[in-house]
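Letters A, B, C, D, E and F mark the chains as written, and numbering starts fresh at 1 in each.
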Amino acid sequence: MMKQKTLSFLLGLGLSLGAWAQSPAADAAALSPATTAVANIAETAVAEVAAVVAPPVVLNSGNTAFMMICSALVLLMTLPGLALFYGGLVRKKNILSVLMYCLASAAIVSVVWVIYGFSFAFGDGNAVFGDTSKLFLNGVTGLDAFGVPNLVFVMFQLTFAIITPALIAGGFAERMRFPAYCLFTLLWVSLIYCPIAHWVWSAKGFLFHGNPDAWAKAYDFAGGTVVHINAGVAALVCAIYLGKRKGFPNRLSPPHNLPFAIVGACLLWVGWFGFNAGSELAADETAASAMLYTQVAAAVAAVTWLVLDGIFHGKATALGAITGAVAGLVAITPACGFVDLKGSLIIAVLGATAAWAFVVYLKPKLNLDDTLDAFGVHGVAGIVGALLTGIFCVATKDGISHFAQFMNQLKAVVCTLGFTAVGTWIILMLVNCITRVRADEREETVGLDVSQHKESAYTVID
Amino acid sequence: MKYIIAIIQPDRLDEVLMKLEEKEIHLVTVTQVMGHGRQKGIAEVYRSHKEGGSLLRKIKLEIGVNEAFVQPAIDAILGGAQTGNIGDGKIFVMDVGQCVRIRTGEKGNDAIG
Amino acid sequence: MMKQKTLSFLLGLGLSLGAWAQSPAADAAALSPATTAVANIAETAVAEVAAVVAPPVVLNSGNTAFMMICSALVLLMTLPGLALFYGGLVRKKNILSVLMYCLASAAIVSVVWVIYGFSFAFGDGNAVFGDTSKLFLNGVTGLDAFGVPNLVFVMFQLTFAIITPALIAGGFAERMRFPAYCLFTLLWVSLIYCPIAHWVWSAKGFLFHGNPDAWAKAYDFAGGTVVHINAGVAALVCAIYLGKRKGFPNRLSPPHNLPFAIVGACLLWVGWFGFNAGSELAADETAASAMLYTQVAAAVAAVTWLVLDGIFHGKATALGAITGAVAGLVAITPACGFVDLKGSLIIAVLGATAAWAFVVYLKPKLNLDDTLDAFGVHGVAGIVGALLTGIFCVATKDGISHFAQFMNQLKAVVCTLGFTAVGTWIILMLVNCITRVRADEREETVGLDVSQHKESAYTVID
Amino acid sequence: MMKQKTLSFLLGLGLSLGAWAQSPAADAAALSPATTAVANIAETAVAEVAAVVAPPVVLNSGNTAFMMICSALVLLMTLPGLALFYGGLVRKKNILSVLMYCLASAAIVSVVWVIYGFSFAFGDGNAVFGDTSKLFLNGVTGLDAFGVPNLVFVMFQLTFAIITPALIAGGFAERMRFPAYCLFTLLWVSLIYCPIAHWVWSAKGFLFHGNPDAWAKAYDFAGGTVVHINAGVAALVCAIYLGKRKGFPNRLSPPHNLPFAIVGACLLWVGWFGFNAGSELAADETAASAMLYTQVAAAVAAVTWLVLDGIFHGKATALGAITGAVAGLVAITPACGFVDLKGSLIIAVLGATAAWAFVVYLKPKLNLDDTLDAFGVHGVAGIVGALLTGIFCVATKDGISHFAQFMNQLKAVVCTLGFTAVGTWIILMLVNCITRVRADEREETVGLDVSQHKESAYTVID
Amino acid sequence: MKYIIAIIQPDRLDEVLMKLEEKEIHLVTVTQVMGHGRQKGIAEVYRSHKEGGSLLRKIKLEIGVNEAFVQPAIDAILGGAQTGNIGDGKIFVMDVGQCVRIRTGEKGNDAIG
Amino acid sequence: MKYIIAIIQPDRLDEVLMKLEEKEIHLVTVTQVMGHGRQKGIAEVYRSHKEGGSLLRKIKLEIGVNEAFVQPAIDAILGGAQTGNIGDGKIFVMDVGQCVRIRTGEKGNDAIG
């Protein structure tokens, strides 16, 4: 009771902060003349200044090949990476429902994206919202400044939009009804994801470091705020809104298939190269270092978690290893194109430590049923990574102090956090008016596989 | 000494174990089984194929007890597993001739509990 | 009885149609002067006309990288994509046999391909058959018009030839003996697949739209006819030839491991980008749009199937989601390089609907034991996709009417269908003379894993 | 007893040979002026001589894209490829421990590599060791001769260093304690892997064919000696050092999840394209042929094993198919950039046959508990492949006779074998002083999952 | 009341259930077990290692019945499971002291069927 | 005729089967079960969550024997499964009314062995 109130209060606070954050930005950022692609790229491409100014860009087959394969890798993160990672951790009777969260996200978001999502996110619009100029990908042709067809950018960004609602599922797994999930995903991507992507990555976005008029020129190389903090916080809100699973926390079975979860984590790891290196939008030196730092961050974060587990539980667990690796990957995501090797190592260690502390110590005290620790891992490590990017970036934006950059990062984090917290809660209430969100006791004890999909994942006898 | 075999719905397991513990019955052996009965489950569908649900997931409990615990055990099982729906299951009670605790080699009534 | 007769009749009809279709083509198409690669590419590359005419092509590392990775992706579709997709759907006692169908296809076809298969399919030859000029890849060196080594084309096409017999396994899974399968694959690839690939994709092929003298200039961007209709029809023929499994349709267990099937479908989905975008043979704008439309088709088809399932069975099933996605991918395969966004959406919706109608309504009535719906999904959606390509293509071949293009598509479909139906039946009879094709009752009830491979997939106690 | 002695003797022999081999090399090879990248590349790039001499190399986005994706593919080989391949073959109670061997290798080696490993392996140094000039990747910037950022080379090589200790796990799976494994991996990569990588691939390495002063100019295109022979022999040493598992050979369960093993093998197969084609370091014709020959070798080796199994055991087994494929992939690894199609076919057939003979006939007689046949497959096929590369290479180094080239290969094999055998044994003794290497009987019977990681892989009831 | 335990070959399960249904015996509990016996299965081979097949997959049926149904049940099992080969399995019949239907709490002969 | 049910630790299975074979008891049916008892396993940990181990993996053996073999069977099980630790398990012995060998239809004492 008390806690729920405290949380509501915090959410309210987030709302206010978010509102406060948006208003000045909306004013300040209305002038950016650059096209999305150019602006987006201009900042990250160090070695290719020439390419940006030379107008008649020709197709660069290397960059195009790279970005198409990276898109495939990022889709692989969701299908089947995240699906397996999450699916292996739930009980046998719910695995299909988790796989379906991922599949449905891929299906629904893809359709949304090409119809209006891309336009909402990357249409010029203003500092806060996109516009409808690119409905049905209208006019999205030609090449970007790296010689990559703009349609590839649509595809690449689509894979980011797909994974985000699927990540949220970690917060409400084992208890959200499937029809409600579909509706939730539809609304959430449209109303939460698209705006935030616009803020952070679009030419006129009020948090986009490439926008000279941005309210806060925050660095987010590959989606720390847009994807991970966003999904993590939304997952937290869902977990609170839906309440605990029956039997939580003591009468729940352990992960039903840890090898699945590990395979899923491995595919996340591999796919993350597409996510992080691909966010450079070209196969160049920045992409190369982003890839290497991604690898190192995953590794050192896994080691960190194992060591902490070893010290505090006596054994290094496999679930700990993959959780740590994912936490490291999350933490390095906003940073990987802006920091150096040592920065990556530190960010990963701190990100994993923070996530570990939350998941292992804080969470049990909060009595919070964040089923698969979507907030604990993506939210916490995402916030740590986003903030530390301000401190460890090799060059701050416009040469401001690292503290100032840190403040920019903080602003971006707070805006995202507030907006998604409030927005997600409202969407859940809305969805609940249309179709019950929470599985009832019968549906939950029988398992969502049978109750939502009329299927069982495995046969017993054969 | 009696050997109680109970077939219950899988989602009642926790409940039944809790009720048994309340009656101080701690030793139970649990098996995953399939039940063939009158109950038709929520029909499952695989593409065109509707599974009639002729074999449904069940849990089998086996409990060796002294006579004094038979009725409490039955009550506990009924208490935890009864929903009033078809498929709730059965309890069978059988005689046990001998019981040995492997750890100590103890026999009979002392061994069973 | 009646039905078997009806089907025999239809097969006979197919034969006649096929024969009729081939004869004029054989005459008409003997003159094409272009080399395979050039002709193959000329049609699909819109933006790179210059490259085609400029003779001394230099290595294009971007295109080369793209095509090599696409080849890897297409292999991933079979190993382990399709293997898991099919393997998860059969009973526990048959999963290894299904995995072995896929593995054996990869092994056998690879050897066949480099020795004579590639030559049979892509040797100049005439309108109907290739020749022996490229045995052992003799003389296959240098670059194609996109600056990609011709050996990459060999590899890329090999991965297509591998997946096709593995797809057929969906029709006879759980009951074909392994030695028979090996022999069948050897013969089928040599006698059915190679010719059809020649018809549709080779410079002189009588169905190749890039062949000015083709009898029917059909569009098949990525293998709708060559791979999917071909495999689907062959699977149907196999299912009929082998007869039903014991216990069909009422006493068969459900899929033994749906998560495997879903993971397999996810890998198919991801690998399909290599299949479809890679069929452009270059990393350019057409490849980009092919990739995006592939994604959208999979997504919208999955949604379609879920909605139909929801309406008619009350629940959206996971198996339905992946079946729909695959049907959408199949339907868009011939079209993805020729249509626009709206066309893709329509083709995918119709393809999935047709497959759904067949699998859920027609099949049970036909009392047909197409074990894993290889015909229902690949055959039906493949045909729908191939035909609709004629209607929704942005530009018809030589500017003919869409109806005329549709007729060309129809001709290609009918030729493929007739040839493969008859040819597959004959090959099965042939194989059966050498080694029994159908597992006997004992082998079938014990399971093919133990009876064919002396192995069990899983341990019970450990 | 006798056997153990014989083996100790052989190990001693290896030591002497290794020492003998190194001393002249160390003298002879101290003069090479070329930089690593240039030398490394100069040999393999046939078509791009111009690129090597032209100094101001510009970024080649195609090659860069290719190498980044290849790195991802090679990581995919370990995570989750090898993890699943090995994990499926052990008993249920040990699968997590095997997955953890792979995960821990990725985590530990990544950190080692960027701190000092890369410097030890690819720092200039002398003929035998690298140096400390590149600690923390100090000064590793700019592009190599193919226009690929040098950081990509760091990443690519890292993925090779990761898979090698994981491969060794095949020799001691189901009985090495996890803390000991971590320490072992740390020491082994530092003291065995880095030096051998330096010998074979670094500009001054005494076995590097691109080093004009090398003692033996051996061909190792993609790591036959560095990775496979090295890991295979180390696995053998571990198996001997640790002794047999309880119940070996008669009371052990069969593989607990063969589908996992098959999926793992498929991912190894697909990832191997990155391993072999990527070792060209560019997307060119050599890479293309390396890829194709890799495919063909895997295929024909699988066929070979199946045929041998069929002849001698009456049935073609699935485990045989994948074991054969892996043996073929191992055998072709050193050769794939130097041989032609026929050479590949022969090497693969012979490699698989040798591995088959060892695993099926010799091993049971040796009463050797090489748990997952790491030596039988990687060691034996690796040696056969390395030696035959000398015979079937299209062009020998400096035009020497094939016999002379064979002798060079033999020297490389013997040096690697001797060094790793002795070194691995010493490291094991060292580790054992710090923490017990072998699981005790209780830990082993309970299973390493619970005893080392406090986790169970699967739930029984749900 | 009797409790019948039968161990059969896995591939005979369908057949046996059908035969039992013919005799109006609908309530059966099915468990996957491993049998250790004289039968050696089709030897499995894993690389060099031949599995002697000391533990083979079997299905265990448990059927609680009234006396009148004991012989029909045995006949049905024999009818469905007998192939004449080693490994066909066994039937054991035991006494049941009490039986409770969980759904209703009914006891004895009424409850069992 | 008796029916022996024994619950043992999973890692003692091999040992017990060996001891049983020494006593010429070859026919055994083995089931994977979960035991609920006093024993707490090596606690498992999943992220923050410590599994108390209320259900632990066990193996159930079922052996139908003639009277003469009851004691040897018990001895063999004790010999193979006793470690002296909590969790070693139990042996229950029950009466069998009838036994049928499915292969031949033989009944009674002849059928059981």
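Please note the rule applied: a contact is a pair of C-beta atoms (placed from the backbone, for glycine too) under 8 Å apart; a residue touches a chain by one contact, two chains touch by 3 or more.
What you are looking at is a predicted structure, and each value in this text was computed from that prediction instead of being measured.
**Q** Going by the touch criterion stated earlier, list every chain that contacts chain D and also contacts chain F.
**A** A, B, C, E
**Q** Report, in whole Å, the distance between the mean C-alpha point of chain B and the mean C-alpha point of chain E.
**A** 18
**Q** For chain B and chain D, let me know how many angstrom lie between their CA-based centres, rounded off.
**A** Distance between chain centres, rounded to whole Å: 53 Å.
**Q** Would you please write down the residue numbers of chain C that are in contact with two or more other chains?
**A** In chain C, 60-63, 65-66, 69, 254-255, 257, 313, 315, 317, 319, 454-456, 460-462 touch at least two other chains.
**Q** Going by the touch rule set out above, which residues of chain E reach two or more other chains?
**A** 30-32, 34, 44-46, 55, 94-95
**Q** Which of line, ring, star, complete or other matches the graph of chains that touch?
**A** Topology of touching chains reads as complete, every chain touching all others.
**Q** Please output the residues of chain C touching chain B within their complex, sorted ascending.
**A** Per the stated touch rule, the residues are 249-250, 252, 254-255, 309, 313, 315, 317, 319-320, 323, 359-361, 363-364, 373.
**Q** With touch defined as at the start, can you tell me which chain E residues reach chain F in the complex?
**A** Result: residues 2, 5-8, 31-38, 54-55, 58, 60, 74, 77-78, 81-95 of chain E touch chain F.
**Q** Show me the residue ranges of chain C that touch chain A in the complex, using the header's touch definition.
**A** Residue list for chain C touching chain A: 47, 60-63, 65-66, 69, 73, 91-93, 253-259, 262-263, 266-267, 269-270, 273-274, 277, 282-285, 287-289, 291-292, 295-296, 298-300, 302-303, 306, 313-319, 321-322, 325, 341-342.
**Q** Show which residues of chain C lie in contact with chain F when the two form their complex.
**A** Contacts found on chain C: 460-462.
**Q** Touching chain B in the complex: which residues of chain A?
**A** 247, 251, 445-447, 450-451, 454-456, 460-461
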